[in-house]
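What follows is a pair of complexes built around subunit A, which joins subunit B in one and subunit C in the other.
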Partner chain A sequence: MASHAVTLNDAQYEEQRDHRLLGFLFFLISDCIIFSSFIFTYLYLRSAAPVWPPPGVTPADLYMAGVNSIVLFGSGATMHFAMESFKHDKHLRFYWWMMATILLGSMFLGGQAIEYTNLIHENTLWTTSIYGSSFFSLTGLHGFHVFIGVCFLVVVLNQTLSGTYTKTRYFGLTAASLYWHFVDVIWVALFSILYVWR
Partner chain B sequence: MAVVEVSHATSEHIHPPPETFVQKYVFSFDHKVIAVQYFITTGLFFVLAGLLAELMRAQLAGPNNHVLSVTMYNQAYSVHGSAMVWLVIIPVLTGAFGNLIMPLQIGARDVAFPWLNMFSFWLFPPAGILLFGSFLLGAPEAGWTEYPPISLQEPAGTSMWCAAIFLVGVSSTITGLNFLVTIIKMRAPGMTWTRMPLFVWATAVTAFLSFIATANLSAALLALFIERTFNVPYYDPSRGGSPVVWQHVFWFYSHPAVYIMVLPAFGIISEIIPTFARRPIFGYKAIAYSSTAIGLMSFMVWAHHMFTSGLAQWVQLPFMILTMAIAVPTGVKIFSWVATLWAGKIRLASPLLFVLGFLSTFTFGGITGIFLASVPADIHEHATYFVVAHLHYVLFGGSIFGIFAGLYYWWPKMTGRMLDERLAKLHFWTMFVSFNATFLPMHWIGLFGMPRRVATYDPVYGGTNLFISISAFVLGASMLIFAYNALRSAKHGELAGPNPWGARTLEWMIPSPPPYYNFDRIPIVLAAPYDYGQPLPYRDVAPEYLAAVPRF
Partner chain C sequence: MDAGSIERIIALVGAIVVGTAALWSLKLEWPKTGLDDNVAKIMLGLLALGCCIVILVATRVLHGIA
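What follows is the complex of A and B.
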């Protein structure tokens, strides 16, 4: 399809971009519904439980998750700067901001891996209690999205370096940045209900 | 007329036509070919799920029959329900009718994302294989709703059920967002929202419901699958989970899904009635906006399926009132359709016959729905055949009658040939009479207390059940008339011409079957399509189509 895209004139490209942008927004809405469904399940189980967290469960550490959140929100900022640099044709800056975003995203995943290891050492598993099942499914689903997001960023960075995107035609970058911000926003909700709300 | 001056950005941008067999008929991007693929696969699944129903009726013909074992009976009704909902009614109304008609009615060359359309179809046959294949590993036994904790204790077939419905869910989500982008962005120049055909309105609302509600079901299925496979507690009450969560999440999807299954049928009805009454549709905006109202309200009534699940009384009351309120926009449609027929110049051709069948049976099912919405009545009727009767009056009497109405109406457009009218009428009357003979008595035996989902029953219900079973066999046999008619039309069907019914929407302004590009030039739309008696409101349509006169 790449060779196909080259043959589009400006009006056709804009029309195609509009379709894809709307379709991508709808996809993000349905993705948001998937999170909402798991969040609803968690809130329901939590409100029905006599004590929270269930007896014998050590909940995840707020401070570590706090540091990790700052890393993720920072990556949202670097993503924004990357897009601004691209729109202003500053390709070197764009490259470094993208590298920073990818690095911060990977750091978030690393932090999550350490967090999981600690919990597993304390025998908080997703099979042992409804705390574990809710915590690991929500953060795991989100972590999976971050992982997909990092892959997405690597792909679009590579495409930019090979000249796929121009100053007026960069839908792939827009999509990647929207996806990244979406994953960020979901984390705000998850961080509040899983860590801050004790 | 600023709208008319929208640039023809894509009108000259045409994909090259496919050349190889695989590109043309297997992995085709063409919405019309994909629609036919959906018709064929859903037809096959309809036969399989229908045979399961006939097996159940064979078992229930006598009070203590041994046609099926108790386990087999449970599997039969669970797979019958799941297959009819997810493999037949939803995909035939969205995937088949939506794909075939919606792009033509908005004057587009294809949907917004043809590749995704193809992908979404090809998720669907594997889902069917998984669902029917689950018999090999022990099919699900807890009904199409698969309530935990029973669904957690079942053999591996239930995991296959989860995977199957998950695939259908992904397919439905993708189709939904694809259609909604298509309808928002690709309407012909001049086709404002209030000039859209009513089938497109219905498809737009359905598409919205599909990608919102279905994602929610996918999440629940994922959780059920994880709980069954990895023993992770979400729904198991003995480990702190709650089976009621499943019911909430499931019905938060499945109530909108009821409207996914009936709104496109409403759309079909709204197209057929003005064509055969030769009158402008009564209350165009009322019908269009009531679809939207139904779509939004469908997210607010889910807990009426759970009145016997131990909800607090203050939760039951608003759901009861909202459920009764959702009958209002549905009633608006029924009255508008009847008002369109009123004093119309009615031609009683086969599509209209099925519409009249729809109107009577669906209205009946809607009224028993009001009974069930009332908490005290529901507590008595919930676990009885009354619910079975109600469900089949809306899903068979509503959706399936609507589907056949649409098939008889658009068959000439799809294939280029007419179906035989006499066989069609024979099909209608056999189906209509045997349908009512099958499901009407279920109301009484339900009110007398015959429980649903049980393989045996008290001998006092024996005579009625034998009558129901015989009627159900006739109902199954009536489908053979349609199959024969469809096969016969391929060779002996009269050539249809572009517009055999004298209809006014855009799909009739091109040859039958439509050419690969649908429209030589994208037409310009000047008004809503239902003003019978006025000249056709299109520019850039060849004169021979504008002059077409109805043959019936």
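What follows is the complex of A and C.
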């Protein structure tokens, strides 16, 4: 069977782009529900405990988490600048902003690995307390999303360099940008609930 | 200077820089009306909120669960 390349005109592309965008937003909303269920479980466990964190448990370092948060928020800003550079046809700037985003995302994962190591040395483990299990579940789920996000960014950067996206057709980049912002915004909630809220 | 103080200073300076960038981007994004532009506005606003929380933590207004 012969294969046919499907070429869409601009109107068809716009319609298909809107459908894709709506579908992607539904995906982000469903992901938000998964995070909400984890967060409400944490809040329930926390409200049921007489003291939080439980006695004998060393909580995660607030200031280190603050630095890590700024690394992730900074990557959200660089991602936005990358998208704006692409829309304005500034491909070299786009490349550097995307590289900065990937680097900052990787630094966040490194920071989280250091934080986990410190907690494990303090004997705060997945299995030793309800604080440990809920903390590692929530931050682990988020860290997994960041890891997927970094892979997503590497793929779209590669696609852009190979000419997949043009100035008028770049849905993959939009999706990567929205996903990365989503991961950032979820961290705002997690940082507030896990580290800041007394 | 201990490690905690250095982390606080880095977090404070970073939060001011990133928060300013987020608010500036939000201002530039404001006139745009597409669905993805509106989502980007919400995300940038929440990003700025996150930077405000980090500033409050770094200045010890918020102390954390420790």
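Operating definition for what follows: the second predicted complex is superposed on the first by the 192 of 198 C-alpha atoms of A that agree within 3 Å, B and C clash if a C-alpha of one lies under 4 Å from a C-alpha of the other, contacts with A are read in each partner's own complex, and residues count from 1 in each chain.
Here, a residue touches a chain if its C-beta (ideal position, glycine included) is under 8 Å from a C-beta of that chain, and two chains touch if they have at least 3 such contacts.
In this text, all values refer to a predicted model and were calculated from it rather than measured experimentally.
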Fit or clash - subunit C, subunit B, common subunit A: fit
Partner chain(s) touched by A:T139 [first = subunit B, second = subunit C, both, neither]: neither
Partner chain(s) touched by A:I130 [first = subunit B, second = subunit C, both, neither]: first
Partner chain in contact with A:A77 - subunit B first, subunit C second, else both or neither: second
Partner chain(s) touched by A:Q112 [first = subunit B, second = subunit C, both, neither]: neither
Contacts of A:D18 with subunit B and subunit C, given as first, second, both or neither: both
Which of subunit B and subunit C A:T101 touches, first, second, both or neither: neither
Which of subunit B and subunit C A:T160 touches, first, second, both or neither: neither
Subunit B versus subunit C as contact partner of A:S30, first or second or both or neither: first
Minimum Cα separation, subunit C to subunit B, after superposition on A (Å): 14
Those residues of subunit A which subunit B touches in one complex and subunit C touches in the other: 18, 22
Subunit B partner contacts - residues on subunit A that touch it in the complex: 8, 11-12, 14-15, 18-19, 22-23, 26-27, 29-31, 33-34, 36-38, 40-41, 44-45, 48-49, 54, 126-127, 129-130, 132-133, 136-137
Subunit C partner contacts - residues on subunit A that touch it in the complex: 18, 21-22, 25, 52-53, 59, 61-64, 66-67, 69-71, 73-74, 76-77, 80-81, 83-84, 174, 177-178, 181-182, 184-185, 187-188, 191-192, 194-198
Complex contacts: residues of subunit B adjacent to subunit A: 7, 9-10, 13, 112-113, 173, 176-178, 180-181, 184-186, 211-216, 218-220, 223, 226-227, 230-234, 239-242, 244-245, 248-249, 252
Residues of subunit C touching subunit A in the complex: 4, 7-8, 10-11, 14-15, 17-18, 21-22, 25, 28, 35-36, 39-40, 43-44, 46-47, 49-51, 53-54, 57-58, 62-66
